[in-house]
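Several structures are given next for inspection.
Okay, so chain A shows up in both of these, paired with chain B first and chain C after.
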Partner chain A sequence: MSRLGASAFALAALAAVLPAAGPAYFLHLLIQILIWASVYTAWALMGRFGFVSFGHGAFVGVGAYVPALLWNYFGLTPWVGIPAGIALAILVAVVIGYPCFRLRVVGHYFALVTLALSQVVLLTLVAAREITGGSLGFTPKAAGHSWYALQFPEKTYFYVIALMLWLLALSVWRWIDGGINREALEAISEDEDAAAAIGIDVLREKLRITVLSAALTALGGAIYGQYMMYLNPESVSGIAVSLQIVFAAIAGGVYSLLGPTVGALLTISLTEGLRVWFGVTFIGAANTIYGALLVLCIIFMPQGIVGTLRRAMAARAPKAAAAD
Partner chain B sequence: MDIFLVEAIINGILLGGVLALLALGLNLIFGVIDVVWIAYADIVMCGMYVIYVLYTHYDVPLLFACLAGIAGMAAFGVAVHLLIIAPVLNSAPINQLLATGGLLFFLQSFATLLFGTDFRNIGVRLPVVEVASIYISFARLIAFLFGLIGAVALYLFLKRTYIGTAIRAVAQDRDIVGLMGIDQRRIYLATSAIGGALAGLAACLLVLQYDVHPFIGNTFGPVIFMICVLGGLGNMIGGFVASFIISQIIAIGGYYSNTELSYVLAFTMFIILMFVRPRGLFAR
Partner chain C sequence: MLVVEGLSKRFGGFLAVDRISFEVRQGEILGLIGPNGSGKTTTFNLIAGNLRPTAGSIRLDGAEIGGLPAYAICHRGIARTFQIPRPFHKLSLLENVALAAFYGEMKGISRAEAERRARQALDLVGLPSDPSTRTAGLGAAALKKLELARALATRPRLLLADESLGGLDAAEMEQAADLLGSLRSRMGITIIWVEHIMGVLMRIVDRVIVLDHGEKIFEGAPAQAAVDPRVVEVYLGKT
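After this line comes the complex of A and B, so read on.
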């Protein structure tokens, strides 16, 4: 097992004993961090190869709303509803991804097409207010403690689920990282024409990673919905969520396994910390500082936090070796 | 034809004027500096608040408040360039997008901090004009006219003045202009100032029609990007035409269904058009 894998394992072991340590609010925070860390990792699967999607908010939204709607209107268990949501997210990813990759919609244009996609999902959810409750949000019918409904009032259950989700996201990352596709994808991100010339099926590789990323993101959205028991179009879809995903992943660093997780840890504890600090007296103050920090972070740490740390350590290591 | 449909179409054209103005500003900045200002619509929001505060709190006459708004946003554009864009000018495009995206967060939250989330308006009610039993809002008519005047003024500025020519030169080939004795940094500053001023002008026109609130940028920000991309990023005339296409889709869609669905329609049309013309409608 590599050093990274070992540290991930150590972190997981640490995470397993953490919930016993703190109050319920702490656990709530931890669950959110784990769920979003999985979504950010899912985004980074694409993002690290330069396929910058501003549309992942759409996949979170689809993944969260489909199981909740099926549950309320048809009494269908989330065990079926969640795969249905993932299937729909995959369908959306293919419908948007296939023409994009086929017609070589890249760079700014790809970012903005996917941006439009996240707005389409947001506005559809708002417009279908008779079914989804529109901007007022949507609450799945409560069923108490139920495996069938995948609803647990005790947070520990969701903590374990979120932990498993997170580990799944990390293993998918490892799987891509270790496979032959990684080299193909890296070649594509360097130069699509050259990659195609050496026999890489550019379209297939891009579509595959997009579908994987979208499915994992939708799963994250579904778990988030099941946990929160309240969905709002603004908080699970649209540009704001898409930007939040891209920000946190980039801030943490998309080129390392734990980068997106660090991004989730920092951004969520920062927003929560600022929110608690300022309370209700200065609405907006927390986000003002958050926004300013984001800008500073992008300007001064373009490699992300984990990338910057690693570089700093790499720069120090030879010096230390020379000193010995 | 249904009289309300005619009204919807006319309102669409009038809306297109303001959108065109914003698309021109964003396109100018993209064409010259090669950076997309995600927070462009939020600079308009700032301009609206400046006018609102000057007019209602300090009793500045509306015309002067508007001029101050335009000048203020021009200065703001320069500040955005110096503080945020200049440091990331050589970074990956995604980092540039995110830096201005962070600015979007910052501006929206800062406005919330200062003004709260209330909807505010300057309390000026302009009359409604009736032409052949079609009702047209005078505010929208003014907005349309000034939108066009702004566009023409920008065109003349770019074509007829030295700085305008230099700006176009940078947009054509940013590497070679240094040899022609053009200071690239000064051109960037001038472009940011003009982009800011156009946002300020749009703020004047919008503050007459809409209430100001911290998140008003979210309403038309994504639409402006769509327009620019549809016209071809950096292509001014393309953006100008695309404004009217998109505003018609929104207006006519809104007539047949509701507002959100008309935007869904516009965004979907945009995605499809991107597949048909991946480099914009008017790409050569």
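After this line comes the complex of A and C, so read on.
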């Protein structure tokens, strides 16, 4: 526990000095990694208990679009728009989650229902092109450097915001991990009947973690939208985003605090690396390699990268102690 | 304290529990026996809220509880064990029971208090209460005890014990039977005890109900059950 805390602190300290070290492109990557690491961590809040949602792209999309739309059409500050987007994401989570949990839609069926959800949000965004710009995307009205509009051309502002978002996501993860709710959720994930028999309100516990996960994901989407200043249905919602979330979180490791962060680090640098390597002439190949690597990760390291490393270290530690 | 009236459960075209009625009095140990498949576990599932009754009523101290969700029934003071133990393998033995103590009453006790109660329950059934014991590798007898400890940690007034003797050897059976007997005397817990064999159960229970094909065919003193022609037929004809 404390070692994890220490490594998180070390990482945070490293993160604090990083922006000064590199070029703007580097900072841009770092901001994206932090934002997506937060989203993946939010997903892992559920995913670690076997509630595998393929619908989190929907929450990213809702979180990103709501404040942008409210800003452009009503001049409403994102300070209100972001909570509104989170509220809508929570509503969507409950509307989908309640019947699913009530009817005990679990495993593959849950994955399918949530997969449909993320596509529904994408299709809605595309269909409402009069308002959202459809697949052409949507650009929030620029306001220069403004706290009111939560827009900062200067990247370091968003770097700090993304860092805070990431720390928030990690604290939420830690909070759930350390509480008795985690044990209740482990019990639920293993045997819902047996959990209910000892007084656990299975429906409520599942809804609670879903709402928490959706809210944090929507916040991530909102920050991403504010930072990018351009929203596209394909890049902030839909199946592609949902799959990316699932694969990255699982590849990094959903049972460890920093697993999803490593997943973000890996997938984003990989995507960027392949893009630079192959350039625009060979876009499909980059995605294929990226997908294949992730599948290999999932097959050979079901605990994720961080989980596998930790296990290897734990296996080495007793030998070292015995050698003394 | 518990009044069951005309309780039925239908699975498709099959009537697993057929209009059974009985009453459980405060402080008694009621035996519920019958051959395999006679509807004993289904009756428990109905009372504990794991299944919804097709018809009939279940009243606890006068209030209808039929069809309530399982967690709500647990909070009202009815705990059950599962015939085939269903431990949470991802949790330690102590965590299994502490979780039951924490959620069983919904009174917002602290985690430390939940652990204290869990240790008590584990001591009572004779399982180790140190935090390091895992559920993997526990034998059949220990798993049966864990079921009991978990149920007891929820502080029930009424305990539904489903075949707590299944898979135990003779000595373990005697021990488990004495334990159930002592729960009433030491903690004042009312018990419905299901078993498909009569055996040691008859020594402990006050009254016994016999089910066959989902129907109640006998209710009365254990000594009478052993000589009742229908009960004898059901048991001699099938075992």
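In this section, the second predicted complex is superposed on the first by the 322 of 324 C-alpha atoms of A that agree within 3 Å, B and C clash if a C-alpha of one lies under 4 Å from a C-alpha of the other, contacts with A are read in each partner's own complex, and residues count from 1 in each chain.
Here is the rule we use: a residue touches a chain if its C-beta (ideal position, glycine included) is under 8 Å from a C-beta of that chain, and two chains touch if they have at least 3 such contacts.
Fair warning: this is a prediction, and the values are worked out from it, not measured in the lab.
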| item | value |
| --- | --- |
| Touched partner set for A:A315, first chain B, second chain C, both or neither | neither |
| Chain C versus chain B, contacts on chain A by residue | B |
| Contacts of A:I299 with chain B and chain C, given as first, second, both or neither | first |
| Shared contact residues on chain A - chain B and chain C | none |
| In the complex, chain C residues that touch chain A | 48-50, 69-72, 74-75, 79-80, 82, 86-91, 95, 98-100, 102-106, 111, 114, 150-151, 153-154 |
| Sites on chain A touched by chain C in the complex | 180, 183-184, 186-187, 189-191, 193-203 |
| Contact footprint of chain A on chain B as seen in their complex | 36, 84, 87-88, 91-95, 97-99, 101-114, 116-117, 214, 218, 222, 225-226, 229, 233, 258, 260-261, 263-264, 267-268, 270-271, 274-275, 278-279 |
| Residue numbers on chain A that touch chain B, as the complex places them | 50, 52, 96, 99-100, 103-105, 107-109, 111-113, 115-117, 119-120, 123-124, 126-127, 239-240, 243, 246-247, 250, 282-288, 290-292, 294-295, 297-299, 302 |
